[in-house]
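These are the structures, in structure tokens.
Two complexes are shown next, each including subunit A; its partner changes from subunit B in the first to subunit C in the second.
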Partner chain A sequence: MSDNGTPHGEVVSHGGDDFGSDAVRLDQGHIEGSGGLPARFENPGLPPHVARMSDLSEKAAKRAEKQVATLFGIASLATIVFIIAYFTVDPEMTAFVPGIGEANPYNVILGVCLGLALLGCGMGAVHWAKTLMPDTEMVEERHPQRASDADRQRAVDNFLQEGGKSQIGRRPLIKFSLAGALALPPLALVLPLVGGLGPLPKDNLSKTIWKKGDRLVRDPELTPIKADQVTIGSVYHVLPANIKESHEVLEDKAKAAVLLMRLDPSIIKSKKEIDWGYDGIVAYSKICTHVGCPVGLYEQQTHHLLCPCHQSTFDVTEDCKVIFGPAKRPLPQLPIEVDSEGYLVARSGFHEAVGPSFWERG
Partner chain B sequence: MSSTPYDADGLRRGDKAPETPYSPGMKKIGGVAGWLDDRTGAAKPIGYLMKKVFPDHWSFMLGEVAMYSMIICLLSGTFLTFWFVPSAGQVVYDGSYVPLKGITMSEAYRSTLDISFDIRGGLLIRQIHHWAALLFIVALSVHMLRVFFTGAFRKPRELNWVIGCILSMLALVEGFAGYSLPDDLLSGTGLRAAEGFMRSVPVLGSYISYFVFNGPFPGESIIPRLYSVHVLLLPAILVGLFTVHIGLVFVHKHTQYPGPGRTNNNVVGFPVMPVYAAKAGGFFFIVFGVVALISGLVTINPIWAYGPYDPSPVTAGSQPDWYMGFADGALRLLPGWLEFEAFGFTFSFNVMIGAILLIPVMYTLMALYPFLEAWVTGDKREHHLLDRPRNRPTRTALGVAALTMYGVLMFAAGNDLMAIKLHLSINDITHILRAAFFIAPVIAFWVTKRICLSLQRKDRDLVLHGRETGRIIRTADGKFFEQHEPLDPYARWNLVDYDTDQPLQLEAPADENGVASPTARKDRVRAALSRFYFDDSVPAVTPAELAAAHHDGHGHEAIEGAPADEDRPALESSRREAPPRP
Partner chain C sequence: MNALAARRRHPAAIALLILLGLVVTGVGYSVLAPKTASATTASASQVEEGKKLFLANCATCHGLQAQGTKAGPSLAGVGAAAVDFQMGTGRMPMAAPAVQAPRVNEVRFTQEQIDAVAAYIASLAPGPAIPSPEYTSGENANVALGAELFRVNCAMCHNFAGSGGALTRGKYAPNLRDIEGKHIYEAMVTGPQSMPVFNDDNISPEGKNDIIAYLHAVDKQENRGGMALGNLGPVSEGLFIWVFGLGIMIAFAVWLGRKAA
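Right after this comes the complex of A and B.
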């Protein structure tokens, strides 16, 4: 055992102590024929203390003191630069910052100054602790978490005997009515909260603002589209014309957004798709049937629609059936036709609920 | 009672002057402290706390980083509340960011732009808030891994582990609520998906969605509601639970790694005053400083580049913050056939498993682990000495397997980016990751366990044979051997101070009268699990083994089989003969 193994690192082998076991146990007998060696190694105690430079020489200690003071000095200095920069640098200026590129130097200067101020402060304190504060380890004894048997008994007694004086045990009427009195009133607080959270969905999730005869208009310009403007391979982001009269624009848009594409009718494999379209022009809900992201990516060559959120892929030539990814249902198709002026209009609303699945969509 | 008469001076005869005379400044502080103590009696607990000993190890700072980044979030978040307007009301932007002038947007988005461009230093604080939040969850996750792999969750700390699990899960929700607030295109897309998640709940889905959003998505209520959840409800729970968490650390006293002088019954380290006050206090500033530097130099969440939320457009590569990545990845991997219709109702398990069930199930399993392990080991003792991960091969392997599953999901959240950057097929990547989710953890388990066992055997070898010095000695009769230097008792102690559990023995399923034990089935499961955990454990070297190894000079093979050769003179303990060539 080393010189300073005791008293701090003293290791006493306990037999059956409160912890049930000790790291060092000598009480397990000896191994036969091993010359009386203990079953386990003994804890050698704390290793000898290695003195630091600053413990050995006053010069080194002085140097450490200067280093700490320098770090603290940086903290003050950086704060002063921060304050000056706060008032003098133009926040709207952009300039070339080395290593970053075109950036807003205002934010960079403030961030770097604040960072240096805080780092100087913190590193100074840590350096001080590591070089000049005591570095001899101390030992604290642990005690088992459980209270003594007497204390536990007293707690039980207090609870059962003293609590028993309330006579709850022999007055069942109070016991049961109390249970109700504690359990029910919170409902009076919860009900107004839950009840006021929102309206019932009714069949709103299954409806959109698309109606028969609604013109298809471009999003966001809201201009109507003529069938002959839709060339093969092109794609339009489309809303119903009546979105202009909507009082809940975002809510209606979140359900009614539609993608309009024109394909060569000969490559469309679904008869229903051709029937509901107009001369190869087809309209599909833009709201993904997985969790509702806009299906924003159209691959012209493969006629695939891809949802950027979770990569569900829909094949437009096959009535937007899912060919890859986590979605299950195809994108709902909007039946379209052409009105007397040659503009594309809805032949009816959607025939099923758009967007993510829900329990009662059926 | 002494009968010697004392006068006033006599009373002070034995007094000594204080070793360090107090300066006037200290006296003044002492006066204030005395005034406070007269009214609170705080001197006793504070005096105790100042001498409290904490063990020193770099891995104990991970929890500190989490604590400090949480404090940074609270500070910077308070700053942001002074300007942020939690309202979905539509306004037309007229601030100093030219590209968005004249665009209709929500007040939440406009005020976030104002914080970024019109409040001096506002962008810095916003970025500090976001970076600190990311760091918070990184630090608490790594802290949890440290606690898991070193077995710090064992009795008496199981409750604190459970509290930590709850804290970690709430931190994810808090983070999600926070980045959804600015109402930019990216965060709005996240909310859009969250609405889809809610709908996937059987029976109640559409009601939950309508109650949370106060009607159809997006509505004008979600931003103010998320705001009060983000700045009041969750922070209050987080801070409250955190206080209990750190309070229990004080009550239990910190665990320590095994080492010379450290036992299960003591704590070896430095006292709060002055060492930890300076180190931990300084460390807060270091963490804050690093966050400030990053926030000054690296842009995070540039909401001005995304534009205000609109349900129709979307950007490619839409991804949540990193800590939601695994849930997003799960959604990308779950196949569509998990959605089906039955009895006229829609069951969307393709969404619900990843979006609604994954996080609570994952955290429940994590919170239950200490109780499972305690049941398998049958260990009722308190544990204050940490395990080296290699000395618990099965636990370590289980942890790495779970981490691998998490990692696969995390990668899956980037399947689109990987496909683009690496020019691979997104379909192939997704198929491979689906398979990897089931296969990779098994491989990870096996590899980790073998590595742990090998490391344990390496430790045994080092203790038994010492360090190879590289010095070759030639004996008088022409033999060569390499000199080995035995470990000093301190270095050796690090390698031999661990217990090895033995698999539990199965009690007879029926007593001698043939009456079946009522717990026979449970016992069988328990014994099987115990074998799974401990069948191939490598015990620590005992003094007898070491003596035999020295004595025999042939390495530890001799210990296991052949009796020691008494005729051969024992070599000095520092040397060992090379085995003769056949």
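Right after this comes the complex of A and C.
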């Protein structure tokens, strides 16, 4: 039917119980009708009741009964095995379990038995309901919810007459103070909810704890790194030294994590990357600009950085430009230099917000 | 020969045999032991032997002087550790050109031959030596610290349980189950194939030993009774539950909604 409301081969009976008899069936193809849509469709009523095998033959009913009993029996049996296994199987034992390999049979037996017990109960109940419980269709009429007109009128009269006696119309002071008293208390409920959302984010999303002069330190040990320790092809997972003083270590770490790599300076194509690095040592934010996963998969030969979550790939020789995947911006670079003792330090913080995009990101 | 055969049941034969065995073992140990400790003490004859093996097995791709060709990289400065890792795990010589050399269970060279080639390569230019067993056994190590180091430095490619994972364009990080500690250490110091280098300044030898201890602990870890699905994390588990979990639920929904015959 291409447009609604016009008769396009849809022949609909004009009442009576023969609704289905002269309606066009789908497999008859396109037939131009002569009738048109009726003003009102007739209720086709319930389809005829089809008796089940178990309704017709006592033998089938007996069989269904046995099937239900078997399912319930499986449930009981599984529970009994569960209880026996609970007391007899050594919880520390390992053995070969088919389909799993070398595993702990105690847990496997308990789990499988519990599963079978529940499944047996459920399947038995469903099979019982489907085969033996009555399945004749029933119609229960819905009662109207509207009250009688007399009741409705009485309610209105009550409100108007009795309400007038409270003198609310005559005493505006009460009227307005009541309005205020009803309108303001909900604020007392809403305020703690909004206040409980925590402090405003301020510039937390744009700033990391990296600042000028911070030493680059190895991730779990927090020891500083000398430039000559970073050989070509190396990868260091780096944090700022001041993470030690942080009060929110995980929050700060989640933004400040940095990947330090050393490449042969001759293969770096970006001048800015060389300038912000030190003799081929470059530091990039480890937080993916797509949704913030840690970009840690560095391929030493291709110099590609791969994000494990959505396969965004960054080319370290081209200032971590995105060469594949859903990320839209290159990874931010951390400018580094070497201090008087030969340790790598940050020349400044990140020049842009690290990690995924957010609404107010500049 | 006949005389020897005739006296094979002589009471002294057993004693003689044991003595012979002890001599062979002792001589063999004294010859081999210093070599595994440090590649720099390789004898000239070992280097010569290694060069022969190199020319026969490796030079096609790596060049007659190990200078590298289009088919294989230069081996100057890769060190004995790289040779021991690549040949000891069967990755080299490669059976066929491929994106990545796979680990092969059947290593076609004896440890002596591998040591000889390692000595030859190490004689070309200084590089990482074969690590001392003190740091590759995974004993006297801090497994918890090793696990932390592993999660920070290795887990993004090799998976938290060392099950391995995919990289770009057909490359992959291999799984780390049942790998000798020595090879794990050597892979970290030399950075084979796509893997970056984790030299001893980055992760100390003690730290590497901790990582080895962690991986060995994972190898020995008992399955508490569930299908691990390769320990690959959410991908394989998600796939399993989407296919089988949802499939079973749909089958039950169809069964529930159907009238009995």
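Rule of thumb we're sticking to: the second predicted complex is superposed on the first by the 204 of 362 C-alpha atoms of A that agree within 3 Å, B and C clash if a C-alpha of one lies under 4 Å from a C-alpha of the other, contacts with A are read in each partner's own complex, and residues count from 1 in each chain.
Everything below uses one rule, namely that contacts are C-beta pairs under 8 Å (C-beta built on N, C-alpha and C of every residue); 3 or more make two chains touch, one makes a residue touch a chain.
Predicted, not measured: the structure shown is a model, and the values here were computed from it.
Student: Once the structures are superposed on A, label A:N107 by its partner contacts, choosing first (subunit B), second (subunit C), both or neither.
Tutor: both
Student: Does subunit B (first) or subunit C (second) touch A:P308, or do both, or does neither?
Tutor: Both partners, subunit B and subunit C.
Student: On the A-aligned overlay, A:E318 touches which partner chain: subunit B = first, subunit C = second, or both, or neither?
Tutor: After superposition on chain A, A:E318 lies in contact with neither partner.
Student: Could you look at A:Y236 and tell me whether it touches subunit B, subunit C, both or neither (first, second, both, neither)?
Tutor: second
Student: Examine A:E337 and indicate which partner it touches, taking first as subunit B and second as subunit C; both and neither are also allowed.
Tutor: neither
Student: Between subunit B and subunit C, whom does A:V126 touch in the aligned arrangement: first, second, both, or neither?
Tutor: After superposing on A, A:V126 lies in contact with both subunit B and subunit C.
Student: What's your read, subunit B or subunit C touching more residues of subunit A?
Tutor: Between subunit B and subunit C, the winner on subunit A residue contacts is B.
Student: Check whether A:D219 is in contact with subunit B, with subunit C, with both or with neither, and answer first, second, both or neither.
Tutor: The answer is both, since A:D219 touches subunit B and subunit C.
Student: Considering only touches as defined above, state whether A:M261 meets subunit B (first), subunit C (second), both or neither.
Tutor: A:M261 contacts subunit C only, not subunit B.
Student: Name the contact category of A:E299: first (subunit B only), second (subunit C only), both, or neither.
Tutor: Once the two structures are laid over each other on A, A:E299 reaches subunit C alone.
Student: Just which bits of subunit A does subunit B share with subunit C as contact spots?
Tutor: Residues 100, 104, 106-108, 111, 126, 130, 135, 219-220, 237, 294, 296-297, 308, 311, 324, which sit in both footprints.
Student: Subunit A touches which residues of subunit C in the complex?
Tutor: 145, 148-149, 152-153, 156-157, 165, 167-168, 171, 173, 191, 193-199, 201-202, 207, 222-228, 255-256, 259-261
Student: What does subunit B use to touch subunit A in their complex?
Tutor: My answer: residues 52-53, 56, 96, 117, 120-121, 123-124, 127, 156, 189, 192-193, 195-197, 199-207, 209-219, 221, 251-253, 258, 260-271, 274-275, 278-279, 281-297, 309-318, 328, 331-341, 344-346, 348, 350-351, 355, 380-382, 384-385, 415-416, 426-427, 430, 489-490, 492-493, 496-497, 499, 540-544, 547-548.
Student: Considering only the defined contacts, which subunit A positions touch subunit B in the complex?
Tutor: Contact set of subunit A toward subunit B: 5, 8-9, 11, 14, 17, 19-24, 31, 34-35, 37-41, 43-47, 86, 91-92, 100, 104, 106-112, 114-126, 128-130, 133-135, 137-142, 144-145, 194, 197-201, 204-205, 219-220, 237, 239, 248, 250-251, 253-255, 257, 286-287, 290-294, 296-297, 308-312, 322, 324-329, 355-362.
Student: Flag every residue of subunit A that touches subunit C in the complex, lowest number first.
Tutor: 50, 52-54, 64, 94, 97, 99-108, 111, 126, 130-131, 135, 218-221, 225-226, 229-237, 261, 294, 296-302, 304, 306, 308, 311, 313, 324
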